[in-house]
Amino acid sequence: MRQASRQLNVETAGQRLYEITREVQSWVAAQGIGEGLLTLFVHHTSASLLIQENADPRVQDDINAFFRRLVSEDRSLYSHNEEGPDDMPAHIRAALTTTQLSVPVAQGRADLGRWQGIFLYEHRARGRERRITLHLLGE
Amino acid sequence: MRQASRQLNVETAGQRLYEITREVQSWVAAQGIGEGLLTLFVHHTSASLLIQENADPRVQDDINAFFRRLVSEDRSLYSHNEEGPDDMPAHIRAALTTTQLSVPVAQGRADLGRWQGIFLYEHRARGRERRITLHLLGE
Amino acid sequence: MRQASRQLNVETAGQRLYEITREVQSWVAAQGIGEGLLTLFVHHTSASLLIQENADPRVQDDINAFFRRLVSEDRSLYSHNEEGPDDMPAHIRAALTTTQLSVPVAQGRADLGRWQGIFLYEHRARGRERRITLHLLGE
(Lines give C-alpha, C1' and ligand atoms only; values in the text may rest on other atoms or scores of the structure.)
Protein backbone atom coordinates (compact mmCIF):
# COMPACT_ATOMS: atom_id res chain seq x y z
CA MET A 1 0.00 0.00 0.00
CA ARG A 2 1.36 3.41 -1.01
CA GLN A 3 0.21 7.00 -0.83
CA ALA A 4 0.85 10.15 -2.82
CA SER A 5 -0.38 13.71 -2.59
CA ARG A 6 -0.33 16.90 -4.59
CA GLN A 7 -1.44 20.50 -4.35
CA LEU A 8 -3.67 21.72 -7.16
CA ASN A 9 -4.13 25.49 -7.44
CA VAL A 10 -7.13 26.83 -9.33
CA GLU A 11 -7.42 30.47 -10.39
CA THR A 12 -11.10 31.44 -10.25
CA ALA A 13 -12.96 34.41 -11.78
CA GLY A 14 -16.19 34.74 -9.82
CA GLN A 15 -19.13 32.60 -8.66
CA ARG A 16 -19.41 29.44 -10.69
CA LEU A 17 -18.28 25.86 -11.07
CA TYR A 18 -14.78 25.18 -12.45
CA GLU A 19 -14.18 21.70 -13.81
CA ILE A 20 -10.95 20.02 -12.67
CA THR A 21 -11.62 16.43 -13.81
CA ARG A 22 -8.85 16.35 -16.40
CA GLU A 23 -6.13 17.65 -14.06
CA VAL A 24 -7.23 15.18 -11.38
CA GLN A 25 -7.32 12.17 -13.74
CA SER A 26 -3.91 13.04 -15.22
CA TRP A 27 -2.33 13.15 -11.81
CA VAL A 28 -3.99 9.90 -10.69
CA ALA A 29 -2.88 8.12 -13.88
CA ALA A 30 0.73 9.22 -13.29
CA GLN A 31 0.90 7.66 -9.80
CA GLY A 32 0.85 4.04 -11.01
CA ILE A 33 -1.73 3.01 -8.41
CA GLY A 34 -4.28 0.62 -9.89
CA GLU A 35 -6.79 0.36 -7.05
CA GLY A 36 -7.28 2.73 -4.16
CA LEU A 37 -8.99 5.78 -2.78
CA LEU A 38 -8.60 9.36 -4.01
CA THR A 39 -9.51 12.22 -1.68
CA LEU A 40 -9.87 15.87 -2.68
CA PHE A 41 -9.89 18.56 -0.01
CA VAL A 42 -10.35 22.31 -0.53
CA HIS A 43 -8.51 24.50 1.99
CA HIS A 44 -11.10 27.31 2.06
CA THR A 45 -14.47 28.06 3.66
CA SER A 46 -15.99 30.10 0.83
CA ALA A 47 -15.32 27.60 -1.97
CA SER A 48 -16.33 23.94 -2.11
CA LEU A 49 -16.20 20.74 -4.16
CA LEU A 50 -18.96 19.10 -6.16
CA ILE A 51 -19.36 16.12 -8.45
CA GLN A 52 -21.97 16.95 -11.08
CA GLU A 53 -22.93 16.45 -14.70
CA ASN A 54 -20.34 17.84 -17.09
CA ALA A 55 -22.13 17.16 -20.39
CA ASP A 56 -24.38 20.25 -20.66
CA PRO A 57 -22.81 23.40 -19.13
CA ARG A 58 -26.30 24.78 -18.45
CA VAL A 59 -26.63 22.21 -15.63
CA GLN A 60 -23.79 24.03 -13.88
CA ASP A 61 -25.45 27.41 -14.54
CA ASP A 62 -28.78 26.17 -13.16
CA ILE A 63 -27.10 24.79 -10.03
CA ASN A 64 -25.33 28.10 -9.44
CA ALA A 65 -28.58 30.06 -10.02
CA PHE A 66 -30.36 27.83 -7.48
CA PHE A 67 -27.76 28.46 -4.78
CA ARG A 68 -27.90 32.20 -5.50
CA ARG A 69 -31.69 32.17 -5.03
CA LEU A 70 -31.50 29.98 -1.92
CA VAL A 71 -28.88 32.03 -0.07
CA SER A 72 -29.73 35.72 -0.22
CA GLU A 73 -27.06 38.44 -0.28
CA ASP A 74 -29.31 40.76 1.77
CA ARG A 75 -26.90 42.09 4.43
CA SER A 76 -29.67 42.60 6.97
CA LEU A 77 -29.84 38.80 7.35
CA TYR A 78 -26.26 38.52 8.59
CA SER A 79 -24.12 39.87 11.41
CA HIS A 80 -20.75 39.10 9.73
CA ASN A 81 -20.73 41.72 6.94
CA GLU A 82 -17.20 43.17 7.04
CA GLU A 83 -15.92 41.15 4.11
CA GLY A 84 -18.67 42.24 1.69
CA PRO A 85 -22.22 41.15 0.82
CA ASP A 86 -21.05 37.97 -0.93
CA ASP A 87 -18.92 36.67 1.96
CA MET A 88 -21.46 35.25 4.40
CA PRO A 89 -23.58 33.73 1.58
CA ALA A 90 -20.36 32.14 0.29
CA HIS A 91 -19.75 30.43 3.66
CA ILE A 92 -23.34 29.14 3.69
CA ARG A 93 -23.21 27.84 0.11
CA ALA A 94 -19.96 26.07 0.99
CA ALA A 95 -21.66 24.51 4.06
CA LEU A 96 -24.50 23.26 1.82
CA THR A 97 -22.06 21.53 -0.54
CA THR A 98 -18.77 19.85 0.54
CA THR A 99 -15.21 20.61 1.56
CA GLN A 100 -14.03 17.07 0.77
CA LEU A 101 -14.78 14.34 -1.75
CA SER A 102 -13.42 10.79 -1.99
CA VAL A 103 -13.59 8.70 -5.16
CA PRO A 104 -12.61 5.02 -5.51
CA VAL A 105 -9.74 4.41 -7.94
CA ALA A 106 -10.03 1.42 -10.30
CA GLN A 107 -7.73 0.47 -13.19
CA GLY A 108 -5.54 3.47 -12.47
CA ARG A 109 -8.20 6.18 -12.67
CA ALA A 110 -10.80 7.86 -10.45
CA ASP A 111 -13.83 5.69 -11.16
CA LEU A 112 -16.33 8.43 -12.03
CA GLY A 113 -19.67 7.67 -13.66
CA ARG A 114 -20.15 8.43 -17.34
CA TRP A 115 -21.63 11.89 -16.74
CA GLN A 116 -19.73 12.83 -13.61
CA GLY A 117 -17.21 15.64 -13.52
CA ILE A 118 -15.31 17.01 -10.51
CA PHE A 119 -15.74 20.73 -9.91
CA LEU A 120 -14.35 23.41 -7.68
CA TYR A 121 -17.26 25.66 -6.72
CA GLU A 122 -16.19 29.29 -6.20
CA HIS A 123 -18.74 31.14 -4.04
CA ARG A 124 -17.10 34.59 -3.85
CA ALA A 125 -17.94 37.30 -6.40
CA ARG A 126 -14.32 38.10 -7.22
CA GLY A 127 -11.75 35.62 -8.41
CA ARG A 128 -8.95 34.27 -6.24
CA GLU A 129 -6.46 31.42 -6.12
CA ARG A 130 -7.91 28.31 -4.49
CA ARG A 131 -5.83 25.44 -3.12
CA ILE A 132 -6.98 21.82 -3.29
CA THR A 133 -5.07 18.80 -1.96
CA LEU A 134 -5.28 15.53 -3.86
CA HIS A 135 -4.44 12.51 -1.71
CA LEU A 136 -4.20 8.98 -3.09
CA LEU A 137 -3.93 5.75 -1.14
CA GLY A 138 -3.73 2.33 -2.77
CA GLU A 139 -1.52 -0.07 -4.67
CA MET B 1 -3.26 -3.43 5.03
CA ARG B 2 -5.63 -4.79 2.38
CA GLN B 3 -8.38 -3.42 0.20
CA ALA B 4 -11.48 -4.82 -1.44
CA SER B 5 -14.22 -3.36 -3.60
CA ARG B 6 -17.59 -4.31 -4.98
CA GLN B 7 -20.30 -2.93 -7.24
CA LEU B 8 -23.77 -2.75 -5.71
CA ASN B 9 -26.66 -2.18 -8.11
CA VAL B 10 -29.92 -0.81 -6.79
CA GLU B 11 -33.14 -0.87 -8.80
CA THR B 12 -35.16 2.21 -7.86
CA ALA B 13 -38.84 3.06 -8.44
CA GLY B 14 -39.11 6.83 -8.14
CA GLN B 15 -38.13 9.66 -5.77
CA ARG B 16 -37.41 8.33 -2.31
CA LEU B 17 -34.78 6.87 -0.01
CA TYR B 18 -33.80 3.20 -0.47
CA GLU B 19 -32.09 1.57 2.48
CA ILE B 20 -28.97 -0.47 1.65
CA THR B 21 -27.54 -0.97 5.16
CA ARG B 22 -28.02 -4.74 5.20
CA GLU B 23 -26.33 -5.35 1.84
CA VAL B 24 -23.45 -3.09 2.84
CA GLN B 25 -22.94 -4.74 6.25
CA SER B 26 -23.10 -8.26 4.76
CA TRP B 27 -20.40 -7.44 2.26
CA VAL B 28 -18.17 -5.76 4.87
CA ALA B 29 -18.55 -8.73 7.24
CA ALA B 30 -17.49 -11.14 4.46
CA GLN B 31 -14.17 -9.31 3.81
CA GLY B 32 -12.53 -10.34 7.09
CA ILE B 33 -11.24 -6.84 7.77
CA GLY B 34 -11.56 -5.94 11.45
CA GLU B 35 -10.61 -2.28 11.41
CA GLY B 36 -10.58 0.10 8.48
CA LEU B 37 -12.44 2.57 6.34
CA LEU B 38 -15.45 1.86 4.14
CA THR B 39 -16.26 4.27 1.30
CA LEU B 40 -19.49 4.31 -0.72
CA PHE B 41 -19.62 6.18 -4.01
CA VAL B 42 -22.65 6.60 -6.29
CA HIS B 43 -21.81 6.87 -10.01
CA HIS B 44 -24.67 9.25 -10.90
CA THR B 45 -25.49 12.96 -10.68
CA SER B 46 -29.25 12.64 -10.07
CA ALA B 47 -29.06 10.17 -7.17
CA SER B 48 -27.11 10.54 -3.94
CA LEU B 49 -26.19 8.89 -0.63
CA LEU B 50 -27.44 9.71 2.85
CA ILE B 51 -27.03 8.37 6.35
CA GLN B 52 -30.27 8.91 8.25
CA GLU B 53 -32.60 7.46 10.85
CA ASN B 54 -34.00 4.10 9.81
CA ALA B 55 -36.32 3.46 12.76
CA ASP B 56 -39.45 5.38 11.68
CA PRO B 57 -39.98 5.37 7.87
CA ARG B 58 -41.87 8.69 8.15
CA VAL B 59 -38.51 10.38 8.80
CA GLN B 60 -37.51 9.36 5.27
CA ASP B 61 -40.84 10.62 3.89
CA ASP B 62 -40.46 13.95 5.66
CA ILE B 63 -36.90 14.37 4.36
CA ASN B 64 -38.05 13.66 0.82
CA ALA B 65 -41.01 16.06 1.16
CA PHE B 66 -38.63 18.79 2.39
CA PHE B 67 -36.33 18.42 -0.62
CA ARG B 68 -39.34 18.47 -2.96
CA ARG B 69 -40.53 21.74 -1.40
CA LEU B 70 -37.04 23.26 -1.42
CA VAL B 71 -36.21 22.51 -5.05
CA SER B 72 -39.12 23.44 -7.30
CA GLU B 73 -39.92 21.54 -10.51
CA ASP B 74 -41.08 24.78 -12.19
CA ARG B 75 -39.36 24.61 -15.60
CA SER B 76 -39.19 28.38 -15.94
CA LEU B 77 -36.49 28.39 -13.25
CA TYR B 78 -34.09 26.27 -15.32
CA SER B 79 -32.38 26.41 -18.71
CA HIS B 80 -31.58 22.64 -18.88
CA ASN B 81 -35.08 21.19 -19.42
CA GLU B 82 -34.58 18.61 -22.19
CA GLU B 83 -34.56 15.62 -19.85
CA GLY B 84 -37.90 16.44 -18.18
CA PRO B 85 -39.12 18.65 -15.30
CA ASP B 86 -37.62 16.35 -12.65
CA ASP B 87 -34.09 16.28 -14.10
CA MET B 88 -32.62 19.63 -13.08
CA PRO B 89 -34.22 19.46 -9.59
CA ALA B 90 -32.68 15.97 -9.28
CA HIS B 91 -29.19 17.36 -9.96
CA ILE B 92 -29.73 20.10 -7.37
CA ARG B 93 -31.05 17.70 -4.70
CA ALA B 94 -28.02 15.50 -5.35
CA ALA B 95 -25.73 18.54 -4.93
CA LEU B 96 -27.41 19.33 -1.57
CA THR B 97 -26.78 15.80 -0.26
CA THR B 98 -23.66 13.68 -1.08
CA THR B 99 -22.12 11.55 -3.81
CA GLN B 100 -19.78 9.79 -1.38
CA LEU B 101 -19.82 8.60 2.22
CA SER B 102 -17.06 7.04 4.32
CA VAL B 103 -17.70 5.06 7.51
CA PRO B 104 -15.07 3.72 9.92
CA VAL B 105 -15.05 -0.08 10.24
CA ALA B 106 -14.65 -1.55 13.73
CA GLN B 107 -14.90 -5.20 14.79
CA GLY B 108 -15.60 -6.22 11.21
CA ARG B 109 -18.59 -3.98 10.54
CA ALA B 110 -19.36 -0.42 9.43
CA ASP B 111 -19.54 1.35 12.79
CA LEU B 112 -22.92 3.06 12.38
CA GLY B 113 -24.76 4.64 15.28
CA ARG B 114 -27.76 2.87 16.75
CA TRP B 115 -30.32 4.74 14.60
CA GLN B 116 -28.21 5.23 11.49
CA GLY B 117 -29.05 3.55 8.20
CA ILE B 118 -27.32 4.01 4.84
CA PHE B 119 -29.62 5.06 2.00
CA LEU B 120 -29.46 5.56 -1.73
CA TYR B 121 -31.52 8.66 -2.48
CA GLU B 122 -33.19 8.49 -5.92
CA HIS B 123 -34.09 11.99 -7.15
CA ARG B 124 -35.64 11.13 -10.55
CA ALA B 125 -39.39 10.52 -10.90
CA ARG B 126 -39.01 7.23 -12.76
CA GLY B 127 -37.06 4.23 -11.55
CA ARG B 128 -33.71 3.21 -12.93
CA GLU B 129 -30.73 1.03 -12.06
CA ARG B 130 -28.21 2.86 -9.90
CA ARG B 131 -24.59 1.76 -9.43
CA ILE B 132 -22.72 2.21 -6.14
CA THR B 133 -19.09 1.23 -5.46
CA LEU B 134 -18.19 -0.08 -2.02
CA HIS B 135 -14.48 0.26 -1.25
CA LEU B 136 -12.88 -1.10 1.91
CA LEU B 137 -9.38 -0.45 3.20
CA GLY B 138 -8.04 -1.93 6.43
CA GLU B 139 -6.75 -5.05 8.10
CA MET C 1 0.91 1.85 6.62
CA ARG C 2 -0.77 2.01 10.01
CA GLN C 3 -4.15 2.99 11.35
CA ALA C 4 -5.47 4.33 14.65
CA SER C 5 -8.88 5.34 15.90
CA ARG C 6 -10.45 7.09 18.85
CA GLN C 7 -13.86 7.99 20.19
CA LEU C 8 -14.40 11.68 20.92
CA ASN C 9 -17.43 12.57 23.03
CA VAL C 10 -18.81 16.10 22.90
CA GLU C 11 -21.30 17.43 25.43
CA THR C 12 -23.60 19.88 23.64
CA ALA C 13 -25.98 22.53 25.01
CA GLY C 14 -28.43 23.29 22.20
CA GLN C 15 -28.44 24.22 18.52
CA ARG C 16 -25.11 25.60 17.43
CA LEU C 17 -21.64 24.76 16.16
CA TYR C 18 -19.07 23.37 18.63
CA GLU C 19 -15.45 23.63 17.58
CA ILE C 20 -13.37 20.46 18.03
CA THR C 21 -10.27 21.39 16.01
CA ARG C 22 -7.91 21.43 18.98
CA GLU C 23 -8.94 18.01 20.31
CA VAL C 24 -8.67 16.55 16.81
CA GLN C 25 -5.24 18.05 16.11
CA SER C 26 -3.87 16.94 19.51
CA TRP C 27 -4.94 13.37 18.87
CA VAL C 28 -3.52 13.35 15.32
CA ALA C 29 -0.20 14.79 16.51
CA ALA C 30 0.10 12.05 19.16
CA GLN C 31 -0.22 9.21 16.61
CA GLY C 32 3.17 9.78 14.98
CA ILE C 33 1.77 9.50 11.46
CA GLY C 34 3.34 12.07 9.14
CA GLU C 35 1.23 11.63 6.02
CA GLY C 36 -2.18 10.06 5.70
CA LEU C 37 -5.93 10.49 5.80
CA LEU C 38 -8.02 11.48 8.81
CA THR C 39 -11.73 10.65 8.82
CA LEU C 40 -14.31 11.99 11.29
CA PHE C 41 -17.68 10.29 11.58
CA VAL C 42 -20.59 11.35 13.81
CA HIS C 43 -22.78 8.48 15.05
CA HIS C 44 -26.06 10.44 15.08
CA THR C 45 -28.73 11.58 12.62
CA SER C 46 -29.64 14.88 14.30
CA ALA C 47 -26.08 16.24 14.60
CA SER C 48 -23.52 16.67 11.83
CA LEU C 49 -19.98 17.79 11.00
CA LEU C 50 -18.83 20.94 9.24
CA ILE C 51 -15.57 22.61 8.32
CA GLN C 52 -16.04 26.38 8.49
CA GLU C 53 -14.36 29.65 9.36
CA ASN C 54 -13.30 29.80 13.00
CA ALA C 55 -11.94 33.36 13.11
CA ASP C 56 -15.15 35.36 13.68
CA PRO C 57 -17.75 33.49 15.80
CA ARG C 58 -20.54 35.46 14.11
CA VAL C 59 -19.93 33.36 10.97
CA GLN C 60 -21.08 30.34 13.00
CA ASP C 61 -24.10 32.27 14.31
CA ASP C 62 -25.08 33.37 10.79
CA ILE C 63 -24.77 29.80 9.49
CA ASN C 64 -26.97 28.50 12.29
CA ALA C 65 -29.54 31.28 11.72
CA PHE C 66 -29.66 30.42 8.01
CA PHE C 67 -30.38 26.73 8.70
CA ARG C 68 -33.07 27.72 11.21
CA ARG C 69 -34.76 29.91 8.59
CA LEU C 70 -34.40 27.30 5.85
CA VAL C 71 -35.84 24.37 7.81
CA SER C 72 -39.02 25.41 9.58
CA GLU C 73 -40.10 23.94 12.93
CA ASP C 74 -43.79 24.16 11.92
CA ARG C 75 -45.12 20.72 12.93
CA SER C 76 -47.80 20.76 10.23
CA LEU C 77 -45.02 20.22 7.65
CA TYR C 78 -43.97 16.87 9.13
CA SER C 79 -45.52 13.49 9.89
CA HIS C 80 -42.78 12.40 12.37
CA ASN C 81 -43.54 14.70 15.34
CA GLU C 82 -43.34 12.39 18.38
CA GLU C 83 -39.87 13.49 19.41
CA GLY C 84 -40.68 17.22 19.54
CA PRO C 85 -40.84 20.14 17.06
CA ASP C 86 -37.05 20.33 16.75
CA ASP C 87 -36.51 16.65 15.87
CA MET C 88 -37.53 16.41 12.22
CA PRO C 89 -35.87 19.78 11.37
CA ALA C 90 -32.72 18.40 13.06
CA HIS C 91 -32.71 15.36 10.76
CA ILE C 92 -33.12 17.61 7.72
CA ARG C 93 -30.37 20.04 8.77
CA ALA C 94 -28.10 17.03 9.31
CA ALA C 95 -28.97 15.76 5.80
CA LEU C 96 -28.05 19.19 4.35
CA THR C 97 -24.62 19.14 6.00
CA THR C 98 -22.47 15.98 6.51
CA THR C 99 -22.15 12.90 8.70
CA GLN C 100 -18.52 12.36 7.70
CA LEU C 101 -15.46 14.44 6.83
CA SER C 102 -12.01 13.36 5.67
CA VAL C 103 -8.94 15.61 5.85
CA PRO C 104 -5.49 14.85 4.41
CA VAL C 105 -2.74 14.65 7.04
CA ALA C 106 0.61 16.29 6.22
CA GLN C 107 3.63 16.79 8.50
CA GLY C 108 1.78 15.08 11.34
CA ARG C 109 -1.33 17.27 11.41
CA ALA C 110 -4.72 17.55 9.71
CA ASP C 111 -3.88 19.90 6.84
CA LEU C 112 -6.63 22.48 7.34
CA GLY C 113 -6.59 25.84 5.62
CA ARG C 114 -5.67 28.94 7.59
CA TRP C 115 -9.27 29.83 8.45
CA GLN C 116 -10.73 26.33 8.65
CA GLY C 117 -11.99 24.85 11.90
CA ILE C 118 -13.72 21.50 12.41
CA PHE C 119 -17.12 21.72 14.10
CA LEU C 120 -19.73 19.39 15.50
CA TYR C 121 -23.10 20.87 14.55
CA GLU C 122 -25.81 20.11 17.14
CA HIS C 123 -29.27 20.42 15.60
CA ARG C 124 -31.45 19.51 18.62
CA ALA C 125 -32.74 22.21 20.99
CA ARG C 126 -31.56 20.46 24.14
CA GLY C 127 -28.01 19.37 24.87
CA ARG C 128 -26.86 15.78 24.73
CA GLU C 129 -23.68 13.74 24.50
CA ARG C 130 -22.55 13.21 20.93
CA ARG C 131 -20.09 10.53 19.82
CA ILE C 132 -17.57 11.07 17.00
CA THR C 133 -15.07 8.52 15.70
CA LEU C 134 -11.67 9.75 14.55
CA HIS C 135 -9.94 7.31 12.19
CA LEU C 136 -6.41 7.82 10.90
CA LEU C 137 -4.65 5.89 8.15
CA GLY C 138 -1.10 6.62 7.04
CA GLU C 139 2.55 6.31 7.90
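Order as written gives the chain letters A, B and C; numbering starts at 1 within each chain.
One rule holds in what follows: a residue touches a chain if its C-beta (ideal position, glycine included) is under 8 Å from a C-beta of that chain, and two chains touch if they have at least 3 such contacts.
Quantities reported herein were computed from a predicted structural model and do not represent experimental measurements.
Rounded to a multiple of 5, the C-alpha superposition of chain A onto chain B involves a rotation of 120 degrees. In a homomeric contact, the two copies may use the same or different surfaces; for chain A and chain C, under half of the interface residue numbers are shared, pointing to different surfaces.
Note on chain placement: the centre of chain A and the centre of chain C lie 20 Å apart, centres being C-alpha means. Across the assembly, chain B contributes residues 1, 37, 70, 96, 98, 102, 137 that each touch 2 or more other chains.
Chain A makes touch with chain C in their complex at residues 1, 3, 5, 37, 39, 41-45, 70-71, 77-80, 82, 88, 91-92, 94-96, 98-100, 102, 131, 133, 135, 137. Looking at the complex, you find that chain C touches chain A at residues 1, 35-37, 50-53, 56, 58-59, 61-63, 65-66, 69-70, 96-98, 101-104, 106, 111-116, 137-139.
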